[in-house]
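Inspection log for the structure reproduced underneath, given as structure tokens.
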Amino acid sequence: MEEEQTRELWRIERLQVFFKTRGNDIMAVNEFSLSIYQGERLCLLGESGCGKSVFGMALLKLLPENAEVLGKAYYKGMETVGMSEKTFARLRGTEIAVIPQGAGSSLDPTMRCGKQVEECLRLHEKENSQVCRQKVLSLLKRLELPRLPGIARDYPFELSGGMKQRILVAAGIVCHPQFLLVDEPTKGLDWGCRDKVITLLKKLVEDEETSVLLITHDFNVAKSLADRVVVMYAGEIVEYGMREDVLERPVHPYSKGLLAALPQNGFQAIEGFSPPLDQIPKGCRFHPRCPHATGRCAQEHPNLTDLGEGREVRCFYAEG
Amino acid sequence: MLRAEHVSKSFCVGRGRNTKIQAVLDVSLEINKGEHLGLVGESGCGKSTLARMLAGLIRPDGGTVLLDGQDIQKLPVKARKEFRRKVQIIFQNPQQAFHPRMKLYETLAEPIRLFHLVETREQERLMLEEAMERMGLTTDIFGRYPHEISGGQAQRIALLRSLMLEPKVLIADEPTSMLDVSVQAQILKLIRQTTEENEIALLLISHDMDVIRAMSDKVIFMHESALNLN
Amino acid sequence: MKCRKFSVQRNLLLWIGGAILLVIIFVLVFGPSLCTHDPLKVDYTLKLRAPCREYPFGTDGMGRSVAARVVYGLRTSMKIAIVVMLISCVIGVCVGVLSGYVGGSVDLILMRVMEVVLAFPDTILALAILGTLGGGMKNQIIALALVRWTKYAKMARDETMRLKKEEYMEAAVAMGNGRFRIVLRYVLPGIIGQILVLATMSIGPIILSGATLSFLGLGVQLPNPELGLLINEGRDFIRSAGHISLFPGLVTALTTLGFNLFGEGLNDYFDPRLKEKAVSD
Amino acid sequence: MKKKAISLFLALTLVLSLTACSNSDNGTAEEPVATKTETQNSEEAEEEGLKEIIISEQWTIDSVDPVSQGKVMNQKCRVTELLVETDERMNLIPGLASSWENTDENTWIFKIQEGIQFHDGTALNAEAVKWSLDNAFEISPSLVKRSNIESVEATGDYEITIKTTQPNAELPAYLHDASLGIVAASTYDADGNVTTPIGTGPFRFESFDEAKGELSVVKNEEYWGTLPTYNRLVIRMITDESVRAMSVESGEVDIAVDVPFSEMEALDSKDDLRVECYDTNRIYYGYFNAASMFSDKNVRQAICYAIDRDTISKEVLYGCGTPASGPFNSSIAWSNPEIEGYKYNPDKALELLKEVGWEDTDGDGILDKDGKSFSFDILTFSSRPGLPVMAQAMQAMLSEIGIQVEVKVMDNNAINEEMEKSDTWGINLTTAAAGLVPSSVYFLNSFSSANTEVYGYSNLELDEMLAACAAEYDQDKRYEMSKEIQAYIVDEAEEIFVCNYGVNYVFHENITNFKFNVEARDWMLNTDIEID
Amino acid sequence: MIKYIGKRVLSAAGVLLVVSMLTFFVMQMTPGDTAYVMLTHTFFGTGDLITQEDLDIATEMYDLDRPLTVQYGEWMLGALKGDLGTSYIYKKPVMDLLKLKLPYTCILGFLAFFLGLLLAVPLGILTAVYRNRFLDQAIRIGSVLASSVPGFWLGLILIMFFSVKLKWLPVSGMNEGLKSIVLPCVTLMLGMMPVMIRVTRSSVLDVMGQDYMLFAKAKGQSLFQALLHHGVRNLLPPVITMASLQMGNILGGSVVIETVFMWPGIGNLLYNSIMAKDTNMLQGCVLTIALGYILSMICADILNAALNPKTYRGGGRMA
């Protein structure tokens, strides 16, 4: 990294996402402020339904029609939330890439896999197809896909979950993006291939020095890939810090609960359920399930307080 | 109690039914009273097909599935209904296991009405409210639709629905693979607790070794639609 | 991104369709009492009178008030249309669900039967039935219904096949539901939406095929009025007294428009895609 | 590889449809090649001053067989001619046969005109006439049965003798049947299919485009009679009457026949069009059902009085068909002028009905007699446009004097079955060609008991009169007897004669001097019609 | 794939057989005794009195008194050998007449079909892309209006306006080549377009909701590019299936259109042969229309199979 204060890739200020439904407006992401630095790998950790994917999609303006995004986000100084779709589209694929969530449904069932990866290349670099095909094959070799080059001509339904996920990774990386959003790389995958995908992703990301925003609910992914970890709960950041601090010595009760629920820590589950986003409790959102909840937690909504060396937490008990 | 002898099943796939996929090949397995059995293998090795055959949802090509010695496919209608009561199954994707347009109270009340467990509506409501407490769920869920509750809650309700009929055998086809780690712990704990209380034999199917190790006494490996018992 | 308010805008069609239907129902119920003229009374002195205050739609070749005939005609046409729709709906859905749910050889046979009915030009079927049993309204209903049930059957079969693959159907079987109960409580509620859409969308074409039948000389008995017949009767006066054919045509178009828009609005309403995915995690 | 095939296919369909629609776009710009020949000769015809008439009619021309399509080949195209022709009052005049006489009751001798040639150049002689008549009788045996001809012999170069099984005073009239058009043997090929009809008429057959259903005939330069004034006639078939009216209005066609009655006035008001209306020999009439209340003569006559024929003619047929008093239209030679028929007199009708016990006792506005109310059905069919509207008009008129009528319009073929099945039918409203055969007795025979038992009447006295008239060899005496029969039939009122069947012609202003011939079954153009 | 097509053709033959049987017996059910009808269509005008002897002669000449099964059996044998018998009103073998008139129906049918598709699919895509905006509702209301007018009425209005008033196009018939095809084609097209627009719209909406379209957008493709690369092949199957059904309507609908515009096609022939109870001719027409319909269904299936890689790449390996 050049100088100590590495150049800031993303600066997000008080990002909010609303979903317009027939009845009321649901706030999926509340007051999200964060900055991502060049070459850094940030992990967004949280249960399903806490709005982490929504944040990712909002950042890349991929939300469905009925969503509304407020607040500001700067990519290399350019304000993106207000930017027009056409200008932002030029960034997509080359500078900003995505590895989407549903591996199964994100590949076009009627197009060969190799071609779907080639597509990004041909769209942006405008080289002839022969060169593109070579590039894709070499990338697939790096991803250790079996039966090369035959597999490039196969269709998505002929591949297993793990292989499809690797094709998606290839499609994301092929244009050497500067910023990569990886959304739930291991969800629904087999126990076996999960480790495989993580090691591959780790190797690739290091070779390319791309900065990554990793969205997952899986601890192992966070542990092996992330530099910094942000824990989210019910649409809010609750804890934020370097990987070792947050994953080994969590401060927020929710992070502690998550750690305890791991199989290797004996399956001690947290009581109750994360609230659906249209019934957010008053005060601290975790207070109904928090063992240390006090009267104040139920009334007052805590803010993110800085604990030094880049650690922040949103909890009265943790500050105290 | 529930036994499968040399059971096999193959599916024809693709337009014109020309290619054959061998899902399950010559599997024999037995679940005794109160036993906790774990079945593990990568996805696509025929685990769920075997589970559905044991639950009588799919007719096996070869071999037979026996409950207390009787072949379940040849049961008369009355006995078949009784079989349904004895053997219950919960599925992998909780949200899809319920009728999307039916309120959850109706879904839960259905088994009661089907098997006439109670006479009046009040008794039915009482029975359900009491069961919901046991599962740690609030009764406001009765008025909700399946897509309005979380995965964890849905799986609890599925479990509750099966247990209403006091089954002898509960088959759980990858109950937690779609859930998050934290919620997974809750559900597994709940399954373990309820099956032990009512001595229900459990067949837990998963591709996650940790879950199987934590839940079952005996483990069966399944590889490429065949069994090798360890 | 500006976000649009959703309630009215999305199913604008439903509102327009609904409004037109209200007007039609109003005419159906209060029409006869409103118009003073007897639709059947022939009076040659008033022949081919242009639309004026006293005869809002003018008079036809035999001096009868076109407005009165259109109102009574709408009633007969609606009666025919609704009965045909009901018959074809019941037959179609039963065949569709049966062949979709049971599958196997039953499905194959029913599919072939449907292909035969679809391949058979409906004009002949209509002629044969109307020819043998005569041109009464009852026979026109039979003739139309026999041809129209295939649409429902195809839709019902596809929807049942789709629903059969859903997991909650397997769960229902595991619960111990009998086959019949599953069809009643699980399959039918699933396809009611599409049936309603198809039903509302078929009212228009049925009235129009009434017109085609009378064009081919097989229509409802003269002289009691039916929209299709009125359009056909006006055919000869297209140049000299266009209003005779124009107004029944307009009312038919309006009815068809009303029902179709209502159908399209219903289609959007039932459309699973348009339900907002509130939050995907 | 498979992917290539599909995208190729998709591209192909796109290209195909593009060329198709671009093709039809520029189609309007320049003359499409495909149909060069068609429009080409009509242009040539105009350039050299050749006069051409395009006429559109309702009836489909299915084939060019001169026997089964006699009225097309003989009356419309005038390709074939008959031994015996008729003048404008349907009196028999010499045709191809210069004279005829019957030596005894069953033998007739016809002298054939000499020096007449067929279109293919072969001479017309007794042999050719015999062959043509035998051929016609073989194709349609019913022609023989009607005129009970036993044999046709060529007893000389230009003389044939015809023997009949029974005495038939009007044999020459029976020979004036369009199906008996004299054709040359070369009309048919070896196995009896028609190649081109070869007759002796003023026009030669040119072409028949089966697909388009269009027939064209060209002037026969070596015609033995007076040459026609125009060179080419094209008959175009347009079944829908409104479209037919539009075809003449748009100038695509010179003459249109049988346009909708209601459009006649509008078309006539156009300055470049002229509408002419005539009574044909066909007649609108209805026969009563003897099994119902119409067995009683008073009742039948009451119905005849209750129908206002003038209103029907003026309002329903828009003047295209004058009220009829008897079975024959007044311009026919043997029609009885003294019959004044049943003038509209509803009171007299009610009187007649009261005499027989029909009156409105229960005050519900409908006549009734010993408990049964006076109601019956009128059966009719729609392929003749005037019938359904006329039936509705009769229904309205009868309801004014308290008779409840239901109109049943059905497919023409279904009417016979309906008559057998239902017992509520009262009147079968239909049309009949009185001049099918120009004999004063032939049409009246259809009212003889043999034919009327279908609707339940048998009248021996009428049968005797008909037999006597048929056997009467002297033409004037025969006309007298026929007039008596007509008066008797009208008085018996087993049938109700409503109006004459009118035909309307719509001419472009460049066509004048059209002479109507009452004998035409659908329509006929006189050969000396003017085109400028 | 070949086995699949083979099975489809076999079932089609079965359907044709049943259709021909149905036609024959339905024809016997239609009103009026055949001999009477035959005579009214050849020698006499409609409504003229036909004596009983004439009927007997006609029955014996066309041997109509044989039992139905014998008549059908005879026809069936002939049909297998390719000779569909002769039509008694046209006095020509049915096969020749069909060969003569089929091209006209095909030209009209295919032109209306493809032009209809060419207009309906883009309109459908437009209504889907601009969902619930003014354009979508305007097109949908417009298309419904176009289809809520009976075919013959629309035809008459078009003739009156274009042929009579503006004199651009011929009134009817086929004599001015491509100019005379415009009006019947437009009338037929308007009949089928609303359904096609609605099906295309729902299919495009379906596809736009898919994840791979979102992924395509993430790759930087505009909506139009995404639709072109990924959309087309996925949205076509339902459109193609519905299109084949529409082909049936076009063939059926042509009876009315051809009668109004005097288009010398099969529809016209069918109408005349029904009225004249010419069974042989009717069988020929019905079988042609049924065959046309079945062929369009088989083509749709083959096209759909070709578009969906699952069919020709076997079941796929689950490993």
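Order of writing sets the labels: A, B, C, D and E. Residues in every chain begin at 1.
What we mean here is this: a residue touches a chain if its C-beta (ideal position, glycine included) is under 8 Å from a C-beta of that chain, and two chains touch if they have at least 3 such contacts.
All values derive from a computational prediction rather than experimental measurement.
Chemist: Keeping to the contact definition above, tell me which chains border both subunit D and subunit E.
Modeler: C
Chemist: Out of every possible chain pairing, which has the most C-beta contacts?
Modeler: Top of the contact-pair ranking: D-E.
Chemist: For subunit B and subunit E, let me know how many angstrom lie between their CA-based centres, rounded off.
Modeler: 51
Chemist: Centroid from C-alpha atoms only, then distance subunit C to subunit E, rounded to Å. What do you get?
Modeler: 21
Chemist: If you average the Cα atoms of subunit A and of subunit D to get two centres, how far apart are those centres in Å?
Modeler: Whole-Å distance between the two chain centres: 88.
Chemist: Between subunit C and subunit D, what is the separation of their C-alpha centroids in Å?
Modeler: 42
Chemist: Going through subunit A residue by residue, note those that touch at least 2 other chains and give them in order.
Modeler: Residue numbers touching two or more other chains: 47-49, 160.
Chemist: Multi-chain contacts in subunit E: which residues touch at least two other chains?
Modeler: 30-32, 152, 156, 160, 233, 259, 307-310, 316, 318-319 - these are the residues of subunit E that touch more than one other chain.
Chemist: Among the residues of subunit D, which ones contact at least 2 other chains?
Modeler: 242, 383, 410-411, 413-414
Chemist: For a test of understanding, state which residues of subunit A touch subunit B in their complex under the given definition.
Modeler: Touch residues, subunit A against subunit B: 47-49, 160-161, 188, 190-192, 217-219, 257-258, 261-264, 267-270, 273-274, 276.
Chemist: Considering only the defined contacts, which subunit D positions touch subunit C in the complex?
Modeler: Those residues of subunit D that touch subunit C are 241-242, 245, 260-263, 265-266, 311, 315-316, 382-383, 385, 388-389, 391-393, 395-396, 406-411, 413-414, 418.
Chemist: Quick check: in the complex, which residue numbers of subunit E touch subunit C?
Modeler: That would be residues 11, 14-16, 18-19, 22-23, 26-27, 29-32, 132, 137, 140-141, 144-145, 147-153, 156-157, 160, 194, 198, 202, 205-206, 209, 245, 248, 251-252, 255-256, 259, 270-271, 274, 282, 286, 289-290, 293-294, 297 of subunit E.
Chemist: Give every residue of subunit C touching subunit D within the complex, in rising order.
Modeler: 41-42, 44, 47-48, 61-62, 127, 130-132, 134-135, 217-218, 221-223, 235-241
Chemist: Which subunit A residues qualify as touching subunit E in the complex?
Modeler: 60, 62, 86, 89-94, 97-98, 100-102, 105-111, 119-120, 123-124, 154-155, 157-158, 160, 168, 171
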